[in-house]
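Chain lettering (A, B, C, D and E) follows the sequence in which the chains are written, and residue indices restart at 1 in each chain.
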């Protein structure tokens, strides 16, 4: 691991400016009442002291992405015979996601196993993922919120997995540690100084944050427990009673990777688009016949929790498809708490 | 016996004949209450009453078709129940309404802003107390006292229905409505004051961060299409999946116009929005228009026909343009 | 889909300002269009054959014709594509004549606009689905509203054709305006002598039910199955007992009421039979003047009535008549001459309307057929006729010609000379309109044989002086002012829509023009049809007409009804609403708003759903715009079709 | 009792029709209608101006309207129909922005519209009201048979003047009936008196005026009440000329309707200016009134 | 070729089949000249016109929308235009709050006989839209205006339009 670097707060704009000269730099900024990732521009004031309302998921996996365009033509000899031209590009803009919390970057670990897998490698995702660098901001104790539970799922406030650089807030600035080679390259910037002297302080900040989170309950039994509850309709009715079936939890989730595909024809041309899907919506598994295997919110909530804490880990070496950021709890209009559901399932299994 | 205890007793009495009774309980932290579905006496004991009961439980009623359920309501929630009755979406015989006088609920965004002002995160709240006038919130080791009048929802400041409009069991004595708010709603007034191009910029700016989760719609008790909303259908195909402010705004227009004459201004759309987009202003504006044109407000009379589902041969307030 | 596009030249009507070849060429660039051409007259036989041939040769599954308005030829082309084996609803029109070539001269803009209109027609067609009508049975009774000569003719022809007829008349006798006329032009036949037998036929025809002194209160239903509520106004006389003997009229002490049948220039009794040949010949009490009603005591008529028919406590009665078709024949009323203040009608007793003059001429009128002027009963020597009072006058908002005044004035001038040989008639006129068989000859006779002095010019004012009416006007042919000292001034008051005509039109759901005359379906090709199926027009309710025209239309309307009823079942228009039962949440908003009660609530697997009653739905689409989730869609005008049109227009 | 109304007497009001002006002021005062003089008002331009130049003509009237606007008053009343025509025409023309711009260039201060010009007759009928007028009568004109003559431009063109029936106006008839007079039906109440030909073609004036007097006499009028200074002049001053030209012997008084109102409202005689008329109406008036008086006493 | 650049603006009309479409036909038959901008979408009844069609048309970039139906009381379907009148009036008052100039939308009644009225309506409305110019687009709000909106939103306490 490379040496620790340091950047003073007042040097940060210099670094951002120099990063922005080479690529798109997404930073968390306040917009209306929320904090969202937007391209950095001089004068913009990033918000680092609280987690963004929406994670940087869209930097790699946009809410709506054109897969290809098509243009129809006609054979002049026989107008009934159409010609078709497809225009597709997987090209991705070089991007630095700067200042996301560790949980926001960790989400891509869950994506990677799906979209960079051997079976169905996704060229759009792969290109975007390769073009993107994550400069992540570790959480300080004061940043830890009631909804945080990263430590339940094998992560923590200073988790560098999924990131390329890990920043840690210290007095007067931030320490910077490269997590990957891509990250190390970014640290070769004159705005950064040596940070060896700050390394201990950074370690203390990280430890303090971890301390605030306390002990995590053991959820190792959740995959089996959720499977066991699969047919318990009353259990899922009780868990989902208050859910209003909106997509806030899934769209704000750094790990939710489901998509839907729609075509939008317009005259002789058209586009095929991939956009985020939400398993909480009725349309999620709605079949063309009108039949829906998950007709109620109970079915759908079971799927969301089951997928994250049972089916995915079972398929992917125990990796929980949740980064513990707590957005689904915090942003839920009715405060559905996924922690509580997992614990209820575990408790139910225990009897 | 406190009023809350009396209410619990009344609910327990009624519970055997009901699928469940919908109310509120404590949530994941002291600042958040959450809807409660009472099926057992033990559930009833969890019932809470107070300014943290921000949710409108009427939203759940249409999902219980054919079953008899109870619902605990604030005055504003009861207007949604009335509206659902009016629209034939719930059966009066299948709903038991429990009411208590309400002195207002907090607006969580206002509390968050206060806490931010005090330099602490709303995500670190450890205690909340309320004495009927002041809400005291402890977070990050410090306690901030907030007068309820300053952090309550806008709708509470001008609430004309603090008691249930319709109730089968009402606990406590009805209280007087708030004095009619002299000033128009601040959000609406701000929009009114803008030029037309400024308003376009305003919506473009705010809709940009919409994630299309449809929490505004799903939290709305009057969005009865729910699973069949035209925002997500291809037949008819009103909206595309394009991630543009235009499409997102169009959805807000759909929502607002479908609510014209039906919206009780409970504010759930805006409260539910995880991105804090001021979508309620559109409905307030329409409600004002409906009031001006038809002298009507929704959710007061279960027998009324909403103004856009009826007409007068000679309209009182519609002036035809002369060419 | 394989779409064919046909751009019509309409001779030079379209081609004159639209480059149809360019439009056809541009159409080929639109989705699913496999064939496009321009054609001289798409609606002509070779035009239609061309379309049919193209459908066969090119395997077309949908057709767009860009030509005139679909209100004109949509049915024509639908039949054509059907002959070629397509469903008639796989067809759309682009209106590039009325909406393009005829309203602008800019060829570039017109061509461009035509391409746009073709584009939206194609986008709509791509979302069309084949539709097929269903059949429903019809009630072969017909109602005729209005018992003037047009209504009488329509009723008699229908009844002779074997239909049951319900004739509704507002007054206590049928006969209408014609019954008030003394003679008719150009034959100078006695009006009541030629109308009387027809009135008697109505009374005696076994297929005709007559509701006199009745009005249409409400109309429900649709072609084949209308329900009409008829209000039988209280007559205060039991007509089953009244023999029309007239004893009550002789004894009635309230004798000085203005007689409406005599156009208020003579008195009548409060209990009255309007004229001797009335059908039905029954008495009616006017409660606004009858002493029994006004003062609470009298009862003379009840005492003298030999059959005890007087019923002072009678009330209005509503009867419902089920019919399959309706003929509106409500006639016209006269322009209110008091609005022309410079002529002093209404202020000066000796300024009267032409119809009042008819009553003065009529042997059954208030003067027994002797012309006596109203002010002092003297026989007038100089009679001035003023034409176009409330006709052809924009300043009075009556720009149209009333059509028959020129002729009846000529007749009245002739009759004046017949009655008073030493009289002199003057006629102030704008133009003489006499385009009928023997009409112009007739006006010539008035001038040449009977010496009526025709003065071309408008009258500026009429004022009384020393027992005369001074008529001052211009003689535009001589270029001078003229003043005539008249004893009597007769104004040819214009015809206007009958009082209450717009209200009846609203009940019939037919259109009326700004003057209250009912709108025909097409001014030339469908003169007695309306845009509401099963409702027909006869006589002056559609516009001013003379007697032969009214009679002709009465027969025409009857022919239409007979043709309609020649089938036992009618086909319903399949352009109706349909419910997507999966999307319907059963809120019933469509049920509340449907103007035809064509949607009912049904149970489907325990859930409430809406269901459209096919034969009742009229296809307005109000439900579609009411349903928030779009679960009820009007076929052929679905949300997606209209959205496709919108998107096609806004895709730039 | 009512709002203040700006008062525009017009040039005649200061000259040939002083008695119209004086009686108008006196009657309005008596009825509580507050007429406020317009400071520094100018000529309306009368007929010569608008036959020469529409902009200048409009500017002359607009200047006066602007002055009224500056007084914070919404209506201006004038006794003279000719002035009224000009004031209303100016308002109408200036509704077109292009015209308004041209006119305003000529004015010291631009006129933004908004001042309604009405006749004194209209002001009495609409601002005071017939009931009030009737209630104020002290000496009813019982027994006086009067023909009301409105002249040809008082109500014409109807689209512009927008008051009363243009062919059969009744406002003056109603006012004088309220005063107790017997208003005879006068069919020529809006016929032209020939005023414009007063100088060049006196033969025409004699014919037209003569017909008016003839019909008035034939319907039994004791006098002809007028509301227009020019009409008054033609019918009164030129009565001798008419008699000479037509060989008639008319001697019919032609007072302003305001003068007759003044009598009924007990306005002092010196304010009514009967003496300024050629044919003094007072003898006929007194005779009619006393006749009625005697009749009343006799009965 | 949607509109003639520089000459025409995008004006969309929604007309009921029975009255106004017929009125437009009558205008054509009478050769009453009109501007060429308007594109008419035919619907059976003004009651069929969901206000959302109009909102969508305007939000998607039309410069003007004109709706015309039968005169009140004269609806071919008896009541459709009565409902339309309420809904269209509500929409008309709603559009400005979205940032759409109210002058870009009008609704009126033209009967099948009123060709001249239709000519006047089209002419006046088209002139009105030309006076307003091309409609500003939601997807092309200037950076300046957006910055102003952002400043307004944040300046007022962040969470609400005005806290």
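Keep this in mind: contacts are C-beta pairs under 8 Å (C-beta built on N, C-alpha and C of every residue); 3 or more make two chains touch, one makes a residue touch a chain.
The shown structure was predicted, so the numbers you read here are calculated from the model rather than taken from an experiment.
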Remaining touching clusters (ignoring chain C, no chains moved)
A, B, E | D
If we look at chain B and chain D, which chains touch each of them?
C
Using only Cα atoms to place each chain's centre, name the chain farthest from chain D.
A
Per-chain C-alpha mean nearest global C-alpha mean belongs to chain E
Chain pair with the higher count of C-beta pairs in contact (B-C, A-C):
B-C
Centre-to-centre on C-alpha atoms, which chain is most distant from chain C?
A
Distance from the mean Cα position of chain B to that of chain A, given in whole angstrom:
30
Chain centres from averaged Cα atoms put chain A and chain D apart, in whole Å, by 88
Length of the line joining the C-alpha centres of chain C and chain D, rounded to whole Å
49
What residues in chain B touch two or more of the other chains?
109, 205-206, 226, 228, 238, 276, 278, 309
Residues of chain C that touch two or more other chains sit at 582, 593, 626, 639, 643, 647, 651
Where chain E touches two or more other chains at once, the residues are 51, 56, 60, 73, 79, 83, 87, 150, 153, 158-160
For chain C, which residues are in contact with chain E within the complex?
26, 69-72, 95, 97-100, 102-106, 108-110, 112-113, 115-117, 120, 502, 505-506, 509, 511-514, 519, 531-532, 575, 593, 595-596, 618-622, 624-626, 634, 637, 639, 642-643, 645-647, 649-652
Residues of chain B touching chain C in their complex?
62, 65-66, 87-89, 224-226, 228-230, 233, 235-238, 258, 305, 309-310
Touching residues on chain E, where the partner in the complex is chain C
1-4, 7-8, 10, 12, 17-19, 21-22, 24-25, 27-29, 31-36, 39-45, 47-51, 53, 56-57, 60-62, 70, 73-80, 83, 87, 111-114, 119
State the interface residues of chain C toward chain A in the complex, per the touch definition above.
2, 28-31, 33-36, 58-59, 119, 582, 647-648, 651
Touching chain C in the complex, chain D uses residues 165-168, 185, 187-188, 191, 215, 218
